[in-house]
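The following blocks contain the structures, represented as structure tokens.
Next come two complexes built around subunit A: one with subunit B, the other with subunit C.
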Partner chain A sequence: MAWYKRREISMGLTSLVILIFLIDFNLDIPTLKAVTNNLTTWGTVIGAFAIGLGYINMYQHYGRKVQRKTPGWPYALWLVIATTVVTLVGAWQGRTGDLMTFFYDSFVGPLDATFYSIAIFYMASAAYRAFKFRSVESTILLTCAFIMLLKNAPIGEVIWPGFGTIGTWLMNYPVMGVSRGITLSTTLGSVALGLRVLLGKEYSYLAGTGERKE
Partner chain B sequence: MSMNSASKSAESPYIRRVAGLDAIEEAIERAAEMNRPILSGYGLGTFNPSTLAALSIVGYVTRNAARTGSEIIVPAGGDLGTSIVYPQAIETVRSAYDDEGKLEDYNPENVVFLSESQFAWATAQIGMIHERNVGALILTGGYGPEIVALSEEAKSVGSIVIVSGGLYSLCATACIADYVLIGEEQIAAGAYLSRDPLQIGSIRGQDWGRLIAIALILIGVIAKTVGFDFLTPLLGL
Partner chain C sequence: MSILKGYENQKRLVYIMLFILVAIPYFKPIGLPVAINDYTRDFYDTLVEMPEGSTILVHYGFEAGAWGELESQCVSVAQHLMKLPVKVIFCSTWGMGPPFIERTFDYINVGSKVYGEDYINIGYIPGWETGVAALANDFHSIVSVDYFGDSIDGTFLDDVNDGSDIDLVIAFECGSAGSGTFRQQYQVPFGTPVLSGAIGVIVPGVVPFYNSGHISGILASVRGGAEYEILTKNPGKGVVGTDVLTFAHVGVIIAVIIGNIIYFRERGK
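So, the complex of A and B:
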């Protein structure tokens, strides 16, 4: 293996960059600020190149689908044509050109909004399966969901004002307590993960284990 | 750090079983038996603790998939920040195959970039779930409302669904998925799955942090109740 591909090099670079950002965050050193600004710009440039890489991969993936006429290939062809047209128009007009705005307002925006609104139907079908009197836990879940539904529905408080009071209590106490507990534990976990990465104890995110089996 | 030092001498510190992480191996084996592919995603967002943990899980899933001969699909994209993670994801999957000595089975097209638009990325994954008849859906990292749609579609084709529950989609994912990784369960995945005593020691170290936090909360509540408010200025609140 080439020396620059060794896991130790990646781990060392990761630790170095974490240290630079950590020191810059805690101490006000102008030289270090310039370095972190540069590193952030590098990140942006790498991200832009990665999008280019992504689009090449996408063309290969969907182009092959069209070539092999695998099921659903007309959609793949449509994707390739649409991507090419929008890329060319974008290169010609820029992000805020008339045609680009038309593409966004007429296709991307409505499709995004449609997908977002469809999510509620997935939730309804999931709730239908989950909200059953099967166990104590599912009964509590069902009762709370019922109360929250009536708290938020305009008719809920007309039927009984208590739905609003109980719903607000549920949101402000049990839900708030649990969500803060999860946030606290996730934050502590993130600190421990950062420490493991900084010390080079965790490297599975880098590229497998680095221990090749023959 | 003291936990790390302590764990050097111990065999392997005890930590509780995480059902969602233990189930990953079972899900991969079941997908292999049914000869169906595995879809393992690392979510939205740039490099953050959640993404790092998700990449660890993707690497673990890929190694197991390579061992059992299952095909793995890793969909990339979702937003502009995620694009910087994409090359890392390619490398994670490639070297996981390499680790298992099965580099010839690695198909670069399966680490596919779908779109930098969140819902286009999600819709393409729904298409893949049906088209490829995915046998196991393992989604970790950050996800938005699309995780509900992805999980529900995977259930409709009979997949095992293991997902990480974000704070705002936790209720919905808990209703749909077979296993949900909550909070730090996902963050600790890399250490947990490695079975490395040194890394597991750091998870034990978190418990000390949690105990200190609980103690501070209790002291703060009592102090504030009796009118002695010294913690608020001390913590800069």
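So, the complex of A and C:
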């Protein structure tokens, strides 16, 4: 294997970048600031390229589906046609062209909004199914859900102002306690993961190969 | 009753009931009173207390699906910003976000504000959190043209170099990148206050940061938009939307009550 393909090179580069950012965050060194600024800009540029990569990947994946006529291939064909048309129109008119705006306002916007709106029906049927006085735990869950529903609906506080008070208490104490617990745990987990990456113990991000076998 | 037998039938009834309930306010708005909560009042107070000439970054962190819930917030806040002596930068790290910035302008009156001098739409910033970090660290490294492809040279952005030049961030959000991202990239390193305009399901995740002082104010869902419209004396879709919100919530409550009645009847047999 060529030397530049060695995993140690990638791991070393990753550790170096982490160190640069760590030092820059904790110490005020102007030269290092310029380096981290550049690295961050690179990240944005790479992010833009990732969109292009995703675009090519989409064509490969769904193109293959159409070619092999796998189940659901007409949908894949429709996706490929729609993407091609929008790309061509975008290249021709730019992102603020009339036709692009028409596509967006008449198809993308309404469809996306419709899919999102359908969620209320699923939420209602899920609430209908799940919120039952089955046990002590489910009764607590149901009571809290009931209070929060009435706190968030303007009519709740019209019926009884206490729904607002209790709802706010629920948000400020139990919800906040749990939320802080989750936030702190995930943050500590991130620190541990960062440390493992820095020390070269974790390299699944390189090729998804998981733990290194010593 | 056979119509209530089986979960599939009951589910259909819930759907029909909800559909009817949500449709009612469109034909006959009720105009229920809306109480202003602390999150919204703090949001409003933060904005009106901004010193003259402040630069505010407004981020559209959502796509079309969330527009229904955030429209009243975006429109009422943008309208309010156009009346304040501040400069406003609109941007989005969401691919489908920028057209909604332009759509917002279809609904507001910019008054005496001049594009490029008082407000600007810099459009899409790629890279999600990395993009926000790049904006905060070196603004001009990733922004050279506005949404329409025109150079930003000569605009008020000449005076914006990094996060320290931004006095306030308003993050409309339905996910990441949202107020959390701006909290990390602006609030922590530069001390820039961050306001959140969030869809309902995001709010419980934002409230702990409001309570800890990291977020200065929140607009919660359609109701938050309605409250802001009332505060700014600019009633619009949010106020109408609260009727729909109430009916939808009542629908869910009725569904839960019916579900429990059926559950206990079936358990008793």
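FYI, the second predicted complex is superposed on the first by the 197 of 214 C-alpha atoms of A that agree within 3 Å, B and C clash if a C-alpha of one lies under 4 Å from a C-alpha of the other, contacts with A are read in each partner's own complex, and residues count from 1 in each chain.
The definition used in the following text is that contacts are C-beta pairs under 8 Å (C-beta built on N, C-alpha and C of every residue); 3 or more make two chains touch, one makes a residue touch a chain.
Treat the numbers as computed from the prediction; the structure is a model and nothing was measured.
For A:Lys201, using the defined touch cut-off, is the partner it touches subunit B, subunit C, both, or neither? Pick first, second, both or neither.
The first partner, subunit B, only.
Report for A:Tyr55: first if it touches subunit B alone, second if subunit C alone, otherwise both or neither.
first
Is A:Asn26 contacted by the first partner subunit B, the second partner subunit C, both or neither?
Touch status of A:Asn26: no partner.
Which of the two partners, first being subunit B and second being subunit C, lies in contact with A:Met176: first, second, both, or neither?
After superposition on chain A, A:Met176 lies in contact with subunit C alone.
Could you say whether A:Val108 touches subunit B, subunit C, both of them, or neither, answering first, second, both or neither?
A:Val108 contacts both subunit B and subunit C.
Does the superposition put A:Tyr116 against subunit B (first), subunit C (second), both, or neither?
The answer is both, since A:Tyr116 touches subunit B and subunit C.
Between subunit B (first) and subunit C (second), which does A:Ser135 come into contact with in this model arrangement: first, second, both, or neither?
neither
Looking at the overlay, what does A:Gly47 touch: subunit B (first), subunit C (second), both, or neither?
both
Which residues would you name on subunit A as touching subunit B in one complex and subunit C in the other?
Common interface on subunit A, subunit B vs subunit C: 43, 46-48, 51, 108, 111-112, 115-116, 123, 125, 127, 129, 131, 179, 183.
For subunit A, which residues are in contact with subunit C within the complex?
It comes out as residues 33, 36-38, 40-41, 43-48, 51, 94-96, 101, 104-105, 108-113, 115-117, 120-121, 123-125, 127-129, 131-134, 142, 145-146, 149-150, 152-158, 164, 168, 171-172, 175-176, 179-180, 183.
Contact residues on subunit C for subunit A in the complex?
Residues of subunit C touching subunit A: 7, 10-11, 14-15, 18, 22, 32-35, 37, 63-68, 95-96, 98-99, 102, 123, 125-128, 130-131, 133-134, 137-138, 141-142, 147-149, 200, 204-205, 207-208, 211, 220-221, 223, 226, 242, 245-246, 248-253, 255-256, 258-260, 263-264.
Subunit A touches which residues of subunit B in the complex?
Answer in residue numbers: 1, 4, 46, 48-50, 52-53, 55-56, 59-60, 62-63, 76-77, 80-81, 83-84, 86-88, 91-92, 94-96, 98-101, 108-109, 111-120, 122-123, 127, 131, 145-146, 148-149, 151-152, 167, 170, 172, 174-176, 182-184, 187-188, 190-191, 193-194, 196, 198-199, 202-203, 205-206, 209-210, 213.
Applying the document's contact rule, which stretches of subunit A touch subunit B when the two form their complex?
Of all residues in subunit A, those touching subunit B are 43, 46-48, 50-51, 53-55, 57-58, 60-61, 64, 71-72, 75, 108, 111-112, 115-116, 118-119, 122-123, 125-127, 129-131, 179, 182-186, 188-197, 199, 201-202, 204-214.
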